[in-house]
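Next come two complexes, and both contain subunit A; in the first it sits with subunit B, in the second with subunit C.
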Partner chain A sequence: MRLPTRKLLDRSFSGLGVFSILLMAAALIILLGPIFVRGFGAFVFRGTVEYRRVMRDKFGRGDRAAIAQEVAAATAARQNVYDAIAEFEADRSRRREYRSALRELKDAVRALLGPFPDDPRPALLRDQYGQTRWDRARAKLHDLLYRVEYDYSDETRMGVPLDVPRANDFKGTSLEPLFGYIEQNLEQMLRPRLTVYWRFLFDESYDAHFFGGIWPAVLGTLYLTLGAMLIAAPLGIVAAIYLAEYAGEGRLISVLRTCISTLAGVPSIVFGLFGLAFFVNSLHVSGSKSVLAGSLTLAVLVLPTVIRASEEAIRAVPQTYKEAALSLGASRWHTAISVILPAAIPGVLTSIIISMGRAAGETAPIMFTAAVSLGKPLKLWETLSQPTPALPWNIYNLCTEHAAVDEIRHVQYGMVLTLIVLVLLLNITAIVLRARISKKLRG
Partner chain B sequence: MNDRSVNMTGVVADRPGQDRRPGAGEIDVGKPILTAEEFSVFYGDNEAVREVALDIAARQVTAIIGPSGCGKSTFLRAINRMNDLIPGCRTSGVLALAGQDVNAPGVDVVALRKAVGMVFQKPNPFPKSVFDNVAYGPRLHGVGGRGRLAEVVEDSLVRAALWEEVKDRLQDNALGLSGGQQQRLCIARALAVQPRVLLMDEPCSALDPRSTARIEDLIGELRGDYTIVIVTHNMQQAARVSDMTAFLYEGRLVEFGLTDQVFTKPREKETEDYITGRFG
Partner chain C sequence: MATESPQARDEALGEELLLGQGAGLMKTAGALVGHGFLLLVTSISALAVLFIFFFIIRDALPFFRLEGLRGFFTSTEWYPSGSPPVFGALALFFGSGLVTAGAVFVAVPLGVAAAVCMSDILPFGVRQIVKPVVEVLAAIPSVAFGFFALVVFAPMLQEHGGALLALGAWLIGAPLGFLAIVVLSDLLADRLPDGARWAGRAGFIVLLGGLAVLGMLRLTGALADVTIYSGRNALNVSIILGIMALPTVVSVSEDALSAVGRELREGSYALGATRAETMLKVVIPAARSGILAAVLLGVMRAIGETMVVWMASGNAAQIPKPWYNILEPVRTVTATIAGDMGEADHVTGSARYHVLFALALCLLTFSFLCNVVSEWASRRSRARSG
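Now for the complex of A and B:
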């Protein structure tokens, strides 16, 4: 090949490499950007007076006098709304004509500001308070100002939703100006303020994630992950030492190796079903789902990875270390424990922490064995018998099975962000730890 | 194969009572510590060491020379049974340490390796501190107490002529030492378990000339206290450091005798050809 051609090929290849790296970086930013921005919204947002009421009532936080003052001011601003509606209702002549429109209006006001002063106390916590977040309040305001009607005029197409101002329903009545008043004075009624809710991580959750934080799920994930590693790490390391140092190249061993490789590729849902069938239904490690059963299942899931990676790390230890130890009269297992394993620790540790990241993020293995949608944070001994919420499962659960997921998207994104940061932190720890220990070993 | 007459007794007859160098008079040449009889080592079907017979005297330096692949390392590693690590390796004949066949069933390999220390071709300190490297063996064999351990470590490092250089950095990682220092550390590590025999498998092949000279000096100092068997490629080195020299060729023991005699008046044609550089 001629020189110019070679140079051209060389340059185009490196160009291709740079291009693919850039593409990957862009994909990562496009993927992670919105997650970070929206997840951030769970921690930093404009909280209304209702948020501060929840914090006071449920967590005993905040300056009681200041909140009472704020509530009084908000109530004063809302009084006009309640008065106007009460006055309109009092006029019996129009009751029949406006019955359904009025009911819808009252429900919209309740959704926005909470129950009317003379309402009986609602059963559900979420109905006892107005909107706690300004972004949700804006959405509810829109629902209050407009109702949706479908336009079926074009027969060839599906009905097109149209926003119809509710003010039109009350045209010419005393309620018509109310809509403008609410739109104008919503800030006085809800008093939004920039709020940093870092305790979102550490707060219990109330009323199916409507209020409070995600601590039970975070704690559950930590329990499950650490439990899985407590089981998988010792087993995996011992198995790796055996495979690398003791097992020969026999037929049985090669079958075993193939099995381990195959296990590493089995879909995680299969492990989930296996965990249910074996740990829960056959061994009865717990009456039903429990953190213990989930940890065992996750341990089985990551075990092949731990074994394979640790075995590689152990095999990479220079043979000369082994010879030196043996020549000093060390037995095989003592050589393995005192010389080979310490020298292989960076690799072994990396495999364990990477597996931790995997265990933390898996949903399928825990859905039948450990995870529930709601629960209190568990005490340590309760993990032996109790199920727990866990981040990956709750993320899935919120977006598929929650009755009113649109109301609490911020919780879902907060969970996603927390999980990603958790896994990221684990991986960074792995990298730092590995670098440190390698440096120490190299002297 | 050169017959059994080439053994310690024959050699002693060659030089009755003479002192070749200072201190040699103390050497108890009459009592071999290592005895090989019809000793062979096989890798599968390949006979790497063929019916070697020789007696190695206590407290002397014995060099084993020969071209690459002649089986000298294999023979050396048979003495402390390091060949056990190699799958398919077996032996026949007798190799006895102080009258005890090392390959006999029921021999405690740990005890054998405690009695027979080894220094390898490439310096191979553990990735631990200098202190922990030397203390590894004593700890293994149950030397307890920090004071006692420190004593053993210092004593071993002094014997290995390394103490002055490392006494202020005992807790530093051993891999931070220079190659020559690492090799002397490995010697100290081997000495710390108080072996009777010290095997050296081309201990200077990875070192520069100055470090090599230091190791050779060290071998001279250890001579008289330990039985040293050294495998070397370097014939000048064998001539410089050893009392006795064995020449192995294609697994056979061609010649074994006093170093001076082997290098100046070799009895065998093959030895002469090798020494004069005609092959190897």
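Now for the complex of A and C:
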């Protein structure tokens, strides 16, 4: 091959490497972008008067007089809608012809604005209020204005959804102008305003996450993570001290090391089954699922990570420290505890923080041992016997098994954002800590 | 420490130095007990592995006793709640294998290229920026990947599936095609007489390049017409799993590449090899056991992953037709364990409950084998470079 070609190939080889790194970075951005943007929307959004009513009724927040005034203004704007529908209903001659169209319309209005003034009080909390968020209100407005029909004319493809204006259903009646009125006056009826709902993190949820925040899940995740670290950290550090300072190269030690690396390779779902079979069904640490059982399972899961990283941190302590301590007559244990461990503390801490991030994000191990989809925030002593909601499990649960997946997208995104920020904060702390250690060791 | 006066410290030190015979014995005994205690704590993790195997096997055996081995491994009929229930797990194994293979296809070329780039090409400053990117990617919880796959990526695939496939084809085809054209036209031009070489090379590049672009256009045109009926399919999961396995592959193979000594690289450069030739012909072959370990760890990460596949693979227990059709939904072993346990939980003792442990046992055994091989490979690579 000629030299210029070889050079060109060399360049393209480097280019290929850079290309793959860029692709990786792009993947990270594509992944985190929507989650950050839409997750932010759970905290900052345009809240309607219905949102302020929920806050007043359920959490006792807000200026009652101001809210009452707003509700009165909104009700005044809505009255035209109710009047028009009532007037149309009063005309008995067309009742049969428009029955189903009218029912659909009334349901759409209920979904948008809440129950009619003369409706009996609905059983479900979500039916007692209109849309609390302006983006959801826009979506519901679209549902009110248009009916979806499927076009099956092209037989080779799936049905194509088409929007049919509902106004057509009421052509020539007194209700036809109502649609234009609602579209134009929706702001008066719902009075959206920029709202910062930072308490999303610290509020309990109402009616299966339709209203309120995610505190039970956040708290559950904190309990599980801290519990797992309380168990895994002491065991892991002691094991790391042993492996780094005491253990030689014997057969027993190599078996131990193989076991630790095998443990690190066990799939997380198997940990879940193990936790169920061992901690719950055999040891009976609690009646059924509990935070304790979940923490124990997570502790076994992160143990190898803690051991490996701590061992590395302990080995990174300069040999001279140890020699100095031993030459002063300190015993091995004394040296390890009072000289080597303090010097290795930042590194050990890093390993613990990274493992915490791992434990906080794991779903499979807790789903048979600790997690439930709904619950109150637990008191500390209840963690010994009660299951808890937890962020990873609730994310799964809300976006697959919830009855109204699309209605609570903002809650799902808010949860994912919270979990990711929690894990990233832990990891960034670890990265910064490690950078400082390596600077110290170098300098 | 600071409050202790120097005098008091000296006295304390003096006491330590004036140990009697008995105290020495005590100390030795104490050290032995301490050693034993440390060993005990350390072996907890070993015990944990044994316990995991024991408890999974204990609950898996009843299934094999009830239903036998043959149907489990050879049948694709998976109706655990039917009457009578049928437990043919072949389709599940196939689903796991398919998405894992897809993930390897994504993660290994990208990961090894990125590792080469990080260990030998990027300057130190840039590397310090790239490393956290890899770490952040590794830290993101799997349920967040699953959420992305289900809520963002699946609808995207469903609506713009053809365009995305075409984009993917360009991402793979363009760099590879470029390399192939350069090499081919150079090889062909070498056969021409001296005078015509320049023109010949240019001609070959234009000719082959034109052909390649035409071919790519036809291919992407065909791909763009593909309709993806459901975004929850093996392709979606393969890509996401590949991205999840990427950090493992990158960091482990980077370690392996860095462990190859400077002497080898310098020797190769001294012989006049370019960096690409040095990497491809010297460093990567020298690091191949480390890279094998990296690939195996990536495979383990992909095959053991639960949330992504459970949420986004479609969960249809079938072998796609034809078998390589990754646009069809599949169901994996992990997703089956996660999904069926909720229902089987109440019928502890039934075949339906124990079959999940049987699946977990297969998964555990596979991971264990992968782990043994990867340990062996990384030990070999350490021994060779050390």
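Operating definition for what follows: the second predicted complex is superposed on the first by the 405 of 443 C-alpha atoms of A that agree within 3 Å, B and C clash if a C-alpha of one lies under 4 Å from a C-alpha of the other, contacts with A are read in each partner's own complex, and residues count from 1 in each chain.
Keep this in mind: a residue touches a chain if its C-beta (ideal position, glycine included) is under 8 Å from a C-beta of that chain, and two chains touch if they have at least 3 such contacts.
Everything quoted here is computed from the prediction, not taken from an experiment.
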Subunit B versus subunit C as contact partner of A:G329, first or second or both or neither: both
Touching partner for A:A86 - first (subunit B), second (subunit C), both, neither: neither
Partner chain(s) touched by A:K440 [first = subunit B, second = subunit C, both, neither]: first
First, second, both or neither for A:G248, with subunit B first and subunit C second: first
Touched partner set for A:Y321, first subunit B, second subunit C, both or neither: first
Which partner reaches more residues of subunit A (counting touched residues only), subunit B or subunit C: C
Touching partner for A:P342 - first (subunit B), second (subunit C), both, neither: first
Common interface positions of subunit A, toward subunit B and toward subunit C: 329, 331
List of subunit B residues in touch with subunit A within their complex: 80, 82, 85, 87, 110-114, 117-118, 120, 122, 124-128, 136-137, 140-141, 172-176, 186, 189-190, 193
Residue numbers on subunit C that touch subunit A, as the complex places them: 16-17, 27, 31, 34-35, 38-39, 41-46, 48-52, 55-56, 58-59, 109-111, 113-114, 116-118, 121-122, 130, 132-137, 139-148, 150-152, 171, 175, 178-179, 182-183, 186-187, 190, 227, 229, 243, 246, 250, 274-277, 279-280, 297, 300, 303-307, 310-311, 334, 337-338, 341, 345, 348, 356-357, 360, 363-364, 367-368, 370-372, 375
Subunit B partner contacts - residues on subunit A that touch it in the complex: 248, 318, 320-331, 334, 338-339, 342-343, 440-443
Residues of subunit A touching subunit C in the complex: 1-2, 5-10, 12-21, 23-25, 27-28, 31-32, 34-35, 157-158, 235, 238-239, 241-243, 246-247, 255-256, 258-263, 265-274, 276-278, 281-282, 300, 303-304, 307, 329, 331-333, 354, 357-358, 360-364, 367-368, 392-393, 395-396, 399-400, 409, 412, 416, 419-420, 423-424, 426-427, 431
